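Note that subunit A is present in both complexes that follow, paired respectively with subunit B and with subunit C.
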Partner chain A sequence: MLALKWWKILAIVLVLYSIIGGFLIDVPKLPILHETIRNTYFHVTLWFAMMFLMTISMVYSIKHLGKPSQQNDLIASETANIGLFFGILGLVTGMIWAQFTWGAFWVNDVKTNGTAITLLIYFAYTVLRGSVEDDEKRGRIAAVYNIFAFVMLVLFLGILPRVNDSLHPGNGGNPAFGNYDMDNTMRMVFYPAIIGYFLMGLWFVDHRIRLKKIEQKLTV
Partner chain B sequence: MILKDSLVVAQHELKLEIRNKNALGGLILYSISTVFVTYLSTEGYIPNNLFAALLWIILLFISINAAGKSFLQTNNGRHLFYFSQVSPQAYILGKHLFTSGLVLVLMVLVSGLCYFLFSPKIESLIFFAITIFLGSLGFALTIGFLSAVAQTASGNFTMVSILSFPVLLPFFLTQIKLLNITLAGFNIDLAYKYIGILWLLNLLVLGLSYILFPYLWRD
Partner chain C sequence: MLNKLNLKKVILFVLLLISNLAFGQQIEMADKMRESGKIYVVVAVLVTVFVGIVVYLLAQEKRIKKIEKELGENS
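Our next item is the complex of A and B:
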């Protein structure tokens, strides 16, 4: 049964386009960065997709507190899980990039540390979910922590890099890619890639939720 | 009404804490021995930036111990009693009032002790005091609220640290920066900027716990 919805096809097309286009289309030749600038298509886009997913997770947590339902809780938890997965991928691609531009896999950079903290917060979220047996209670507590942690995370990621210097583009006097380095051909791959990975993430979430529902049906 | 109720809750908590002298004495002893162990292991000679980091790590662990048990200690019977008497908002505010007072007292004690033992060169004592005050407020509010989360979830102490360490980091880093400024190269504009951020964080945590606590309360 091929019940492919249009957005799933779009996800495949865009991600394929970003991979093929990302490796083949010409990029600006810049000192230090050289060809590693292609990592923008993966590292940055995965991060954008993660932040979108985490935001959805937070919105559904608020919805769950307002009107508790199993569906809201499932969406909140699974978007957080997939967001965590994307976060790990973003971290790994970023570490590889750091090795070839800054000279080390891990540098003491505000945004790099911010990533590590994001991952810690969402791992704590999964631990918290794992520690409660009762379904109704688990959803409620997890939603409360999710909202609280997300607000603190946004503050951490948003404010602190502006207060401290960062090696990342766009902070502490470093030019942002958007302003100087990224030309129009790069944008043509970059923006579709963000949408593609985001839709791909939603697809994963969709699958996970269906899997969870089947599991529940089998255990009852 | 809410403010009055929260004062009553705080008073009640204070009474219970004073009545149970063992716990309070234990906390104070824990703080003093932590500082002394740090002093002995560093032999008292540490550079300024290391002093700031060490002080905040000590304060972090002490406030986790002090504020973390604020909800974990409360047994179900007492919970039910409060539940029947006050609104959840008043309850969390009262708890916050009490824990921040407790943490503030411990922090003043610890940082005073550190000041005498390590004798760092502090350029601006007033800003040092403000840093300690805002820091204790932030730690107490965040850990207090998350201990309520941990209490409803599983009631074990490890959960408090797991939940609060990553969330505390914005506070932690800003406080270390601010303390470093007060220790060397004092710059009033930069200090005000960090103080502003700390106030913002504190108000945000207070607001969030005020809004979110009623949902934890329903049991």
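Our next item is the complex of A and C:
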């Protein structure tokens, strides 16, 4: 049998728990939302996982600038890739949810538009990486751009939705976690789900990094 | 012991039922689906899909490990 790292097992357990608990545990009964409040466990968690991944990516970009190494560059780029993947899933799931609660697939909400711009910025990051041939140069340029991209992410997802009015709960003004229309029972599923999807993302990252390393070994 | 536990469960069930009757009427939820037990079908389907994804991940994991080993031995 293959020995699995503990956090990979934890990822499986937590996501499994979020699927089962997410459907069977009671949720607050709210107008408009109805049962779609359960999307919090699946849609919002993707975004949280993305933000964790992008944070790691940014940290490793800074590390790479301080002390360039292939490992740092690889972690930075692959976490950004998987973060982008989660972001796309988050956007699509959000559009479906919006259609049935806000009435349209795309309402011009500050946060929705902000995420779209953020995703485009990260798309540009992958394009930028693909367009530079030299390894060292690519690493440095990508790292600088990635830090800029993360600042934009914080601006578009963290600050602008709070300064302006957003349809998203927890925005407009300066609310903290208290404002997600959640009760404590929901948090018992929500937080583990975030950790679960984040670890799942790390698992994808792990595979991609290892495959990249194999590729490099084969081409040398 | 057992009796006590059962009693607690019964009380909990009754309280849940009362709270359901008291508050359940204003906002439409999928309570009917749960009553008839069919929400479990959906959960089962989703769990199956997720298990499928995990099985795929594990297979990939095995494959990568194998290649890593082979490359490690060669160099």
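Assume the second predicted complex is superposed on the first by the 210 of 220 C-alpha atoms of A that agree within 3 Å, B and C clash if a C-alpha of one lies under 4 Å from a C-alpha of the other, contacts with A are read in each partner's own complex, and residues count from 1 in each chain.
In the analysis below, a residue touches a chain if its C-beta (ideal position, glycine included) is under 8 Å from a C-beta of that chain, and two chains touch if they have at least 3 such contacts.
Worth saying up front: this structure is predicted, and the values here are computed from it rather than measured.
Student: Identify whether subunit B and subunit C fit side by side or clash on subunit A in the overlaid structures.
Tutor: The answer is fit.
Student: Consider the C-alpha centres of subunit B and subunit C from the C-alpha centre of subunit A, and write down the angle between them to the nearest 10 degrees.
Tutor: Reported to the nearest 10, the angle reads 160 degrees.
Student: Quick check on the superposed pair: does A:25 touch subunit B, subunit C, both, or neither? Answer first, second, both or neither.
Tutor: neither
Student: Just checking: does A:141 make contact with subunit B only, subunit C only, both, or neither of them? Give me first, second, both or neither.
Tutor: A:141: touches subunit B, not subunit C.
Student: Is A:104 touching anything from subunit B or subunit C once the two structures are fitted on A? First, second, both or neither.
Tutor: The answer is neither, since A:104 touches no partner chain.
Student: Between subunit B (first) and subunit C (second), which does A:13 come into contact with in this model arrangement: first, second, both, or neither?
Tutor: In the superposition, A:13 contacts neither subunit B nor subunit C.
Student: In whole Å, what is the nearest CA distance you get between subunit B and subunit C after the fit?
Tutor: The answer is 32 Å, the least C-alpha separation in the overlay.
Student: What residues of subunit C sit close enough to touch subunit A in their complex?
Tutor: 23-24, 26-30, 39-40, 42-43, 46-47, 50, 54, 57-58, 60-62, 64-65, 67-68, 71, 75
Student: For the complex, give me every residue of subunit B touching subunit A.
Tutor: 145-146, 149, 152-154, 159, 162-163, 165-167, 169-170, 173-174, 177, 193-194, 197, 200-201, 204-205, 208-209, 212, 215-216, 218-219
Student: Which part of subunit A faces subunit C closely enough to touch in the complex?
Tutor: 2, 4, 8, 12, 15-16, 19-20, 23-24, 29-31, 34-35, 203, 207, 210-211, 214, 217-218
Student: For the complex, which residues does subunit A have touching subunit B?
Tutor: 65, 117, 120-121, 124, 127-128, 131-132, 137, 140-141, 143-145, 147-149, 151-152, 155-156, 159-160, 163-164
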